[in-house]
Amino acid sequence: MDGRAPGKSRIGILTSGGDAPGMNAAIRAVFRAASECNIEIVGIRRGFAGLIDGNLFLMDRSHVANIIHQGGTILGTSRSETFKTPEGRRIAADVLQNAEVDALFVIGGDGSFRGADLFNDETGIPTIGIPGSIDNDIPGTDFSIGFDTAINTALESIDKIRDTASSHGRLFFVEVMGKSSDLIAIESGIAGGAEYLILPDNKHAMDDLCSRLTQAFDAGKRYAIVVVAEGACPGCSFQIAKEVSSRISMESRVCVLGHTQRGGSPTARDRVLAAKLGVSAVNAYMKGYAGVMVGEVRRSVILTPFDKVITGRQKPEPNIIRLSHILTK
Amino acid sequence: MDGRAPGKSRIGILTSGGDAPGMNAAIRAVFRAASECNIEIVGIRRGFAGLIDGNLFLMDRSHVANIIHQGGTILGTSRSETFKTPEGRRIAADVLQNAEVDALFVIGGDGSFRGADLFNDETGIPTIGIPGSIDNDIPGTDFSIGFDTAINTALESIDKIRDTASSHGRLFFVEVMGKSSDLIAIESGIAGGAEYLILPDNKHAMDDLCSRLTQAFDAGKRYAIVVVAEGACPGCSFQIAKEVSSRISMESRVCVLGHTQRGGSPTARDRVLAAKLGVSAVNAYMKGYAGVMVGEVRRSVILTPFDKVITGRQKPEPNIIRLSHILTK
Amino acid sequence: MDGRAPGKSRIGILTSGGDAPGMNAAIRAVFRAASECNIEIVGIRRGFAGLIDGNLFLMDRSHVANIIHQGGTILGTSRSETFKTPEGRRIAADVLQNAEVDALFVIGGDGSFRGADLFNDETGIPTIGIPGSIDNDIPGTDFSIGFDTAINTALESIDKIRDTASSHGRLFFVEVMGKSSDLIAIESGIAGGAEYLILPDNKHAMDDLCSRLTQAFDAGKRYAIVVVAEGACPGCSFQIAKEVSSRISMESRVCVLGHTQRGGSPTARDRVLAAKLGVSAVNAYMKGYAGVMVGEVRRSVILTPFDKVITGRQKPEPNIIRLSHILTK
Amino acid sequence: MDGRAPGKSRIGILTSGGDAPGMNAAIRAVFRAASECNIEIVGIRRGFAGLIDGNLFLMDRSHVANIIHQGGTILGTSRSETFKTPEGRRIAADVLQNAEVDALFVIGGDGSFRGADLFNDETGIPTIGIPGSIDNDIPGTDFSIGFDTAINTALESIDKIRDTASSHGRLFFVEVMGKSSDLIAIESGIAGGAEYLILPDNKHAMDDLCSRLTQAFDAGKRYAIVVVAEGACPGCSFQIAKEVSSRISMESRVCVLGHTQRGGSPTARDRVLAAKLGVSAVNAYMKGYAGVMVGEVRRSVILTPFDKVITGRQKPEPNIIRLSHILTK
């Protein structure tokens, strides 16, 4: 990679952690906004691991052509143990300095911002975060890029299940993603008209579920759809289904959506959010901010220091919880 | 229809004006929330026209089963000239009173709320509005039910056009809906990575567009997608395309999305919004409100008196306009 | 239900066994074609079980309005043990005779045609079959209604998985349906560009898969997608994934599509096939055929006696197997 | 581009004419099958025009990674006037010989095969065709790559229109593609449950349509969807709609699908077909065939000499025409 053009500055950009639909739209927005400001963009492949390996390239217009609608991330992603060490971050800083890169943009989740925070503080290289995560569990933004696509993906599957459920009867379990957050389960459950949600922290779910289902089937209901948040145990809904089936004597079927929820072309909402946050990140850099994440809260773009992002907790809208009680029980 | 069960109250519900995806999810949410409160729901077919004709039926659970994902409205809709007259509204009130209906819920746009406002004031029958419109032009709510689905529908078409545009080259015009509002064009244009937007009130669009396109094609660009808001003239993009093609000597193709944007299964966002607003409308009625529309502003549910809705003007987010300048030019 | 109109004959229609997308389009086609011939259609709810229970209704135009695009079956379906007995079939015949129904149309799979064959022979009520099954395992037709939709549903999930797989690396297992038939796995695997298929009768799959994957990852490949036919063991791909992961020391993820493959709006191909076969079934009845299934073989509609359908075996296209060897390994 | 590896032969591949979804899957299948046979593949950008310009590159595995699901063609396409001249074809042959390319594969429609036929005869460079066209108007194959995707795209729009049509009433015109062929209109019309088709060669359509619609609306029907084949006049359905509206005094709305039908991710059917034909083309070349197109007829792969392809006429299945009369009128 050649040296920086005279009078230009350079921003390095990477995607980190779990990929999320809309990351490409964010990369494109950063590139476009930076170009307007005469800033060069250096793509870094495979996240912090690639940064440490020096996997960098100068991006031009062709790299962001025809990517706005693609799921995944053209830069690739990874999890890096080395970047968690001061030595790893030191190497990363050297790589950037050798490539004459002035700042680092990180698109990822709160885990990634932990490293970005240390990197910003230790190296003095201004680092800015853009929230991308299907889980929507990042403080400092109402929505993270990828969440809207993920719930629509889950919803499409629930809709298809309803077709066959309402034709044939029976009990269906649909397992959706969500490690630290229940939001995919809650919103896709409300939107899909699910009869019941099983969330990881609900200890009494099983008894409650069985008694409600028995009541409902006794009252003439012929089918029910239960949305299960995978929590710490992907695939466990097979076990849950088996237990419920045996307790209430009703056949059940399971589907586990898994990583389909990370893929697919991003929705309009995710792309518009990616556009907003990408452009705002460039603006924040131009104004001299560092060590912050851009987010959208109550429809305004705000900046939150990384340390507040990584120690905070995203609070689910109280409305949503109440809604799920009324509409999905 | 039999008389009201003892101790129960009754809400009539209708959909009015242009239909929008998610109206069925709103009807279902109203029914579900009302059932919790021991309130009966009377469905009114074909909007105000059907109300005047007495086209009413008592809804039960089966009417709202399996509708949450359906586009359109199971109640049908229409535009009624008669309801615009005091006599028409008088008849409507009599119909409701004969059916022992205590309140009226109207799902529709600002045109429908004009009638609802007069009806509420003249008859004393408490009337509550729920905003449903693909145009997202209703004051008192950040989003109206149906808008998110409409922009995703437009977006899917733009994505498909890009496949062929990038393979073959050429200039493409995609005409999207939007009478009083440009938001479908703006958001689908940003999300779709369109090169240019033509909005109804932009007088210099043609010159500007031609000079930009000439510049871009001279610089090596091989294709461009222009999103046109239909404004007051559906189909006019054929004329625009012809003129641009002749001025810059480049072949062009047109597609007119038309009413496809009103159809389709509602997105997760539209269904969750419909759930929120439907439940909130029942809550508002229970608390004694009347003559108001429920809406969501900066993620909180609020009530706005009809007269403010119909005299107000929905302001587009300033961010969005600026974004469209940076990203679509 | 009133008696038959003078001069008209009546056909009863039911859907049986596992539901499949396009069954509604077939019901509509039968209704439309029968109406042209002055024949009344009696809908039978919930398959043979509903027939025995007398769950019948005279269909009119409104029953088939707006159903052509709906997944599932508006008539419902079930599996009936009683119909497997001569007594059960005797009752069923009585029900039809009391309702003045002259013939029975059965939309379903080969299991359903077993009962239909006996019913036709024992009761003399002319019975005609229309093949509907996502498995495409019915002899006498190149494609059964629902198969095309099912492979497209599986394909959409594989495509989404590829987005995230190519971004993050790793090994993915996608479990698709298919009890007696591998065709969903084979065709969705070819169409999805899967790296490997695991079919139920392939004993050496595991060793072969592990050695191929090791080779591929050693050669620089970063991800792989394996399509698994569920065979007799839904959910078993979790076990397979665990074993492979441990043997080749590579993280893996699983998704189980389950009954999503039975749902969803039918594809154009399934609807056109449903139209063809529905109309042809009415023609066959008009010409006096009985005890046969309509099917499409090499693009011609043919009739196959039930006994050949239920004893035969659908042969997969030899091309397809070879293709999967070249393209998916 | 370096010279050929010792002992290897080289095939050049290009896409020509109108692009069609599934062309990328065909390119991938050719590459994969050729690799098995130790043959190198040279990609030619922008069709015959690019061939004459020497726009060639040696393809490796990375070029066909992640393209199976992409609409359009990664090679680009164009129409070339120069290739229609003997001089143009002479230059093209020189380009191939200089690049040590032994054979040419052309993915396109019958227009492209006209040039391919002359090229094969004049230059002795073995040329093989693979049918790709959304119009499905190529003799020698039951289906061309892209047709299935195009009708599903048209169908999705018709389904969305039905949502709003059935909610609001009114008359809708949906204009679909099809210059020389009516098949998109016919199959999407049947699958979409359209009330009427207007095909280019139907002189009496207008009178017939108006009288049928009047009859239907008088009998209580509230909406109708008319599918119009664009024929030689894209956008003309606005004129047709205006005339019909005025003759029968009913409001109408129009949507023009245009090039959306060329885009989108290919369906399973189109990808499997592309796989079959791509692999078969390589087989045909290995066996020494030249001047032929591969196609699938009644589920068998066959070869048809180019001159029969370009002078022949694809006959629509008689069944389909009859079906459309019964089901769409």
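Chains here go by letter, A, B, C and D, matching the order in which they are written, and residues are numbered from 1 within each.
Assume a contact is a pair of C-beta atoms (placed from the backbone, for glycine too) under 8 Å apart; a residue touches a chain by one contact, two chains touch by 3 or more.
For reference, the UniProt names are A, B, C, D = 6-phosphofructokinase.
This one's a predicted model, so the numbers in the text were calculated from it and none came from an experiment.
A.B. asks: Which one, B-D, A-C or A-B, has the same contacts as C-D for more than half of its contact pairs?
C.D. replies: Repeat interface, by the over-half criterion: A-B.
A.B. asks: Give a one-word verdict, same or different, on whether subunit A and subunit B use largely identical residue numbers at their interface, taking over half shared as same.
C.D. replies: At the contact between subunit A and subunit B, which are copies of one sequence, the residues are largely the same (over half shared).
A.B. asks: Calculate how many whole Å lie between the centre of subunit A and the centre of subunit C, each centre taken as the average of the chain's C-alpha atoms.
C.D. replies: Here the centre of subunit C sits 36 Å away from the centre of subunit A.
A.B. asks: List the centre-to-centre spacing of subunit A and subunit B in whole Å, with centres computed as mean CA coordinates.
C.D. replies: Going by mean C-alpha positions, subunit A sits 29 Å from subunit B.
A.B. asks: Using the touch definition from the top, which residues of subunit D touch two or more other chains?
C.D. replies: Answer for subunit D, listing residues that touch two or more other chains: 159, 162, 166.
A.B. asks: Counting only chain pairs that touch, give me the topology of the graph as line, ring, star, complete or other.
C.D. replies: Topology of the interface graph: a ring, with each chain touching two neighbours.
A.B. asks: Okay, what are all the chain pairs that touch?
C.D. replies: After working through each pair, the chains in contact turn out to be A-B, A-C, B-D, C-D.
A.B. asks: Which positions of subunit C touch subunit D when the two form their complex?
C.D. replies: Answer in residue numbers: 25, 28-29, 32-33, 36, 65-66, 68-69, 142, 148, 151-152, 155, 159, 162, 166, 187-188, 190-193, 265, 267-269, 271-272, 275-276, 279, 298-299, 301, 317, 319-320, 323, 326-327.
A.B. asks: State the interface residues of subunit A toward subunit C in the complex, per the touch definition above.
C.D. replies: The contact residues of subunit A facing subunit C are 15, 18-19, 21, 70-73, 76-78, 153, 157, 159-169, 172, 234-235, 238, 253-264.
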